[in-house]
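Let me begin by handing over the structure; questions about it come next.
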Amino acid sequence: MHWQRAGFSNVGFSKIRLSKTGSSGLWPWLCAACVALSLLMLVSLLTLLAIRGLGHFWPASLEEVTLNSGDIVIGQPVRETALPNGAGTERLYFTGNQEVTGNNWQWIAIDEISQQSEPADLIRVARTPWGDFIGRLVAVESGELRLTQHAAWAFIHEALTLPVSQRPPGILLLATADGRTLRQPLASVTHFQSPNAMSWGQKTIAWGQRIWQFLSEGPRAANTGGGVWPAIFGTVLMVILMSVIVTPFGVLAAIYLNEIAHQNRLTRLVRISVRNLAGVPSIVYGVFGLGVFVYGIGGSIDSWFFSDKLPSPTFGTGGLLWASLTLALLTLPVVIVATEEGLARIPDAQREGAVALGATRLEMLTRVVLPMATPAMLTGVILAVARAAGEVAPLMLVGVAKLAPQMPVDGEFPYLHLERKFMHLGYHLFDTAFHGEDVQAAIPLVFATALLLVLIVLLLNLTAIFLRHYLRRQRGNEC
Amino acid sequence: MTPPRLPFSRQPLRHVQDRLATGLITAGGIGVLLAILAISVFLIWETLPLLAIGDTFSLAKLSPLAWGTLKAALAAMLFATPIALGAAMYSALFMSARLRSRLKPTLELMEAVPGVVIGFIAGLLLAPWVERHLASTLMMIIWLPLSAALAGYLWYRTAASVRQRLPLSWAGLWFVPWLAGMAVLAMWLAPIIEQHWLGGDLRRLLDQRYGLDYATRNALIVGIAMGFAVIPSIYSLAEDALADVPPTLMEGAQALGASRWQALWKVALPTAGPGVFSAVMIGAGRAVGETMIVLMASGNTALFSASPFEGLRSLSASIAIELPEASPGGMTYHLLILAALALFIFTFMVNTLAEIVRQHLRRRYQRLGSTL
Amino acid sequence: MLASLSSENVAPAPVMRFSAEQCCLSIAQFYLAYAGKTALHDLTLDLPRHHVTAFIGPSGCGKSTLLRAINRLHDLNESVTHSGHIQLEGQDIHAPDMNVTELRRRVGMVFQTPNPFPMSIYENVAFGLRLQQRLPKRKRDDIIEWALTSAALWDEVKDQLHRSAWQLSGGQQQRLVIARTLAIKPDVLLLDEPASALDPISTLKIEELIRNLKSQLTLVLVTHNMQQAARVSDYTAFLQQGELVEYGPTDQVFTNPRLQRTENYITGRIT
């Protein structure tokens, strides 16, 4: 009867086209192409992120271009596009000098270029208010001193190794492509490079330094420069807080469901619901967090303890605590399901063995069952962390900030400020890419941020996979 | 040998501890379950004021959003379902075991790529690219499956030595360069075809002849991007269902002379059907609720349009954009919570259905395993 | 089949009694049901101290259920109900003032498949001890050595006490489990088909161990292997469908059973 149900009766002998080779036709090849296509998409995505994310930090050569009209443009070539109707191609240059030209970019048709070169004296300067400068160094003035050529370069390189407060006073005299000069105070310079004059080794070192700066510094110049350190810090802090909340509750709930609750219809129902909550959209959790945590609980806390500051809210607005709580709720099913699977996998013989030796339930749990379920719990928590690290939608409702003025941890009592807004890698990515002032200039950094985020999440997932693998192997030994 | 003496002491404390711990775990467990229940209670409670107002006009504001949500999900499912199910069938039944043990976790890793990253790539890179190369994109959608079939045809024609070097069981891997090459070929050919047969510009043709507007960020882009995000969840669950079909069933069919593909089509698929169905349901649930990808790749224009080249705005994206600005207690606030409730109920029901079907299937396999 | 069984019950089996000094476990009118389905029906029997008593019978006859009832392992399952009495040294094990963990300390149990904990050999044996109280390390080491020696395992593992218990062979694991139980000095040791998962040589070792242990404690052995019951036990109880059919000295039950049903089972005419 089951055979019929399984559709076995459909395989009437006559219906089968007997083939000597046992070949299956072309369909399996189409299916194989599906696997290959998915793989291709994944690989291209990761390669794209890696190349564009890491490539940005490589000191790119600068070109000096003379146009047919006699104008001179200095910049970094970015990409070329075909002009409509077969009118040749044009090339996009990053020219910097936003305060002078009002624009960081310039499109130049290839046909218009009369001369093109890469002089070694072109420099690129990263500065705090205006983004990058591209041009030439004329001289450095420091007090009475006026340095040019090599002396100037040596002076700048030495000064830049010092923190801003200890730098000697100085002003850089810079010349743009069209001959205008700028006076740039040394204190506002973060980076000074002459990429055309650098060797491969120097470029590699500079590359490493830029990556380090990206990881360790705050954003500059409307997210077009600098790094993502506050966002990394905010993400990590939020995720740590979240795991501190979700781990004990998730494990407690799993132990209750698997070891203490009577196994009946109700438990089964609860189990299915918990499993399904993992499929509920994250934005719904965000709505719950906003309505209950922020407006409900946060609002009440404000009216009881911070009424002097009202109407400006303290806890009654998005913040670190509410974000962590919301994500804890969001990842609770992940932890519960993983822990329960681990608990269910432990043979009853182990529990009976402990009980038969006179152990109470608590002793059985803490000494035999929980140690055996630890890898499963860890897997669950890591998966939860991976999910939380990549989740953005609920955070938009409960406490993430474009640019947090204060870090959530500082030297001021009580050191950890749960009510403050914080920066998050994923949201930083979204905000820079879609709401930035100069998206073109910010995109390389967005790629780097995306790469960082993907690496973190993939690394966490890989850890979970290896843990699970280890768990299965351990179980194999037991049999 | 005399046993060493053991002075056993009674320890009432142990039992007190045990009781306390049991109580604590019970309280914690029930508390967690109540917190989960609180989500639905909150959502329903906050939409009640809408009933009191009974304002159908405001409700009508949600309908283009609901349409947008469905359109986005449909586009994603159209892209993802064939690929995911094809991949599942191949990896469960044709792939070599060694490759499968490596490839399956890799494909499942796709699920971990954060939505915000996929959305960013789709919205800022893919969308402008497709706008400039619409003909190439459409051509690739047609040409890639054909090229796979072509590869299969060529394979049957080649010498046995080549066939042994490139077996079907490893095709999932060695097809990758083939497909990449074919994609490049399509990109090279498309402008030529566009020039000769489509009057030089496909977009203008679409606009003039069919009146189709083209928005940079549109349903096509959302479909591809969100499809990418749901492929792994459908693939993983469907593959599990297919791989768990008792091998004796397949062998039985093959012993009767069926090819492996026939055995898959006539035996494995009907048996694992419910599991495959629940995989698709779970994928649909994910597609309906996904926020960041739609937000970044759709253009967020609330339109009633069935065109794949026009933008859309989904419920989830609207919540993410508008709720932080809506004043609590206001009309918009309650409407958006109604939207969240709709998402919640839909995904919860879809998932419950899928879960019930899966449990049913598991029992069926246990029976099959015991009878065979 | 039920009818034929009850028709033979015209002459009820005489209850074998032991005096209070000889009797270790006394079971009286004991009933037990799983979710309303009767598993044990009106059992009455006394088990003598420092002897080995074997429970035999076809699978599902309730012999393992009875063994688990003596350890109150059924407490873990809510659907089990029971009535009647089981007395350990004159004390009702279901009495409200009975401490379950203390009962289980006094009544050790060894299961069909070896279930050592995923810890070292040393920690496995120390597990029960640590539950009871803190002991100085010297004393604990002494007890562990004694328990492993009693379980005939010491010579094989004395140099590798800190290896994982899961790396031992099946027979060694089962002896480790016995040692683990012996370490907390139980009065009774319940063995639920302890050798069914083992090879013949390991089985012989376990059987020899059982014979040696009866000078220290009372043993109850459930087995489906008739030869094993005959080799090891002093008394044998034959159970069928939750009822006690025949109970007496092993020699008598095997060579000269009083009832036809017992003989049929022993000679293999029904299983």
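Every chain is named by a letter (A, B and C) in the order it is written, and numbering of its residues begins at 1.
FYI, contacts are C-beta pairs under 8 Å (C-beta built on N, C-alpha and C of every residue); 3 or more make two chains touch, one makes a residue touch a chain.
Chain by chain, the UniProt names read as follows: B = ABC transporter permease subunit; C = Phosphate ABC transporter ATP-binding protein.
Not measured: the values here are computed from a predicted model.
Asks: Average the C-alpha coordinates of each chain, average all protein C-alpha coordinates together, and give the chain whose average is closest to the overall one.
Replies: B
Asks: If we define chain centres by averaging CA atoms, which chain lands farthest from chain C? Would you check?
Replies: Using the mean of the C-alpha atoms as each chain's centre, the farthest one from chain C is A.
Asks: Could you see whether A-B or A-C has the larger number of C-beta contact pairs?
Replies: Of A-B and A-C, more C-beta pairs in contact link A-B.
Asks: For chain B versus chain C, what separation do you get between their C-alpha means, in angstrom?
Replies: Result: the chain centres lie 54 Å from each other.
Asks: So the centre of each chain is just the mean of its C-alpha atoms; given that, what is the distance between chain A and chain B in Å?
Replies: 22
Asks: Centroid from C-alpha atoms only, then distance chain A to chain C, rounded to Å. What do you get?
Replies: For chain A versus chain C, the centre distance works out to 60 Å.
Asks: Please set out, as single numbers or ranges, the residues of chain B touching at least two other chains.
Replies: Residues 14-15 of chain B each touch two or more of the other chains.
Asks: Counting only residues that touch at least two other chains, what does the list for chain A look like?
Replies: Residue numbers touching two or more other chains: 360, 363.
Asks: Please set out, as single numbers or ranges, the residues of chain C touching at least two other chains.
Replies: Residues 101-102, 105, 131-132, 184 of chain C each touch two or more of the other chains.
Asks: How about chain C: which of its residues touch chain A in the complex?
Replies: 71, 73, 76, 78, 101-102, 104-105, 108-109, 111, 113, 115-118, 127-128, 131-132, 166, 177, 180-181, 184
Asks: Which positions of chain B touch chain A when the two form their complex?
Replies: Contact set of chain B toward chain A: 14-15, 17-18, 21-22, 24-26, 28-33, 35-36, 38-39, 42-43, 46, 82-87, 89-91, 94-95, 103, 105-107, 109-110, 112-121, 123-125, 144-145, 147-149, 151-153, 155-156, 168, 171-173, 175-176, 178-180, 183, 228, 231-232, 235, 249, 252-253, 256-263, 266-267, 269-271, 282, 285-286, 288-292, 295-296, 316, 319-320, 323-324, 328, 336-337, 340, 343-344, 347-348, 350-352, 355-356, 364, 367-368, 371.
Asks: Which chain A residues qualify as touching chain B in the complex?
Replies: Against chain B, the touching part of chain A is residues 2, 5-8, 10-11, 13, 16-19, 22-43, 45, 48-49, 248-250, 252-253, 255-257, 259-261, 270, 272-277, 279-288, 290-292, 295, 318, 329, 332-333, 336, 360-363, 365, 386, 389-393, 396-397, 426-427, 429-430, 433-434, 439, 443, 446, 450, 453-454, 457-458, 460-462, 465.
Asks: For chain A, which residues are in contact with chain C within the complex?
Replies: 262, 347, 349-360, 363, 367-368, 371-372, 474, 477-478
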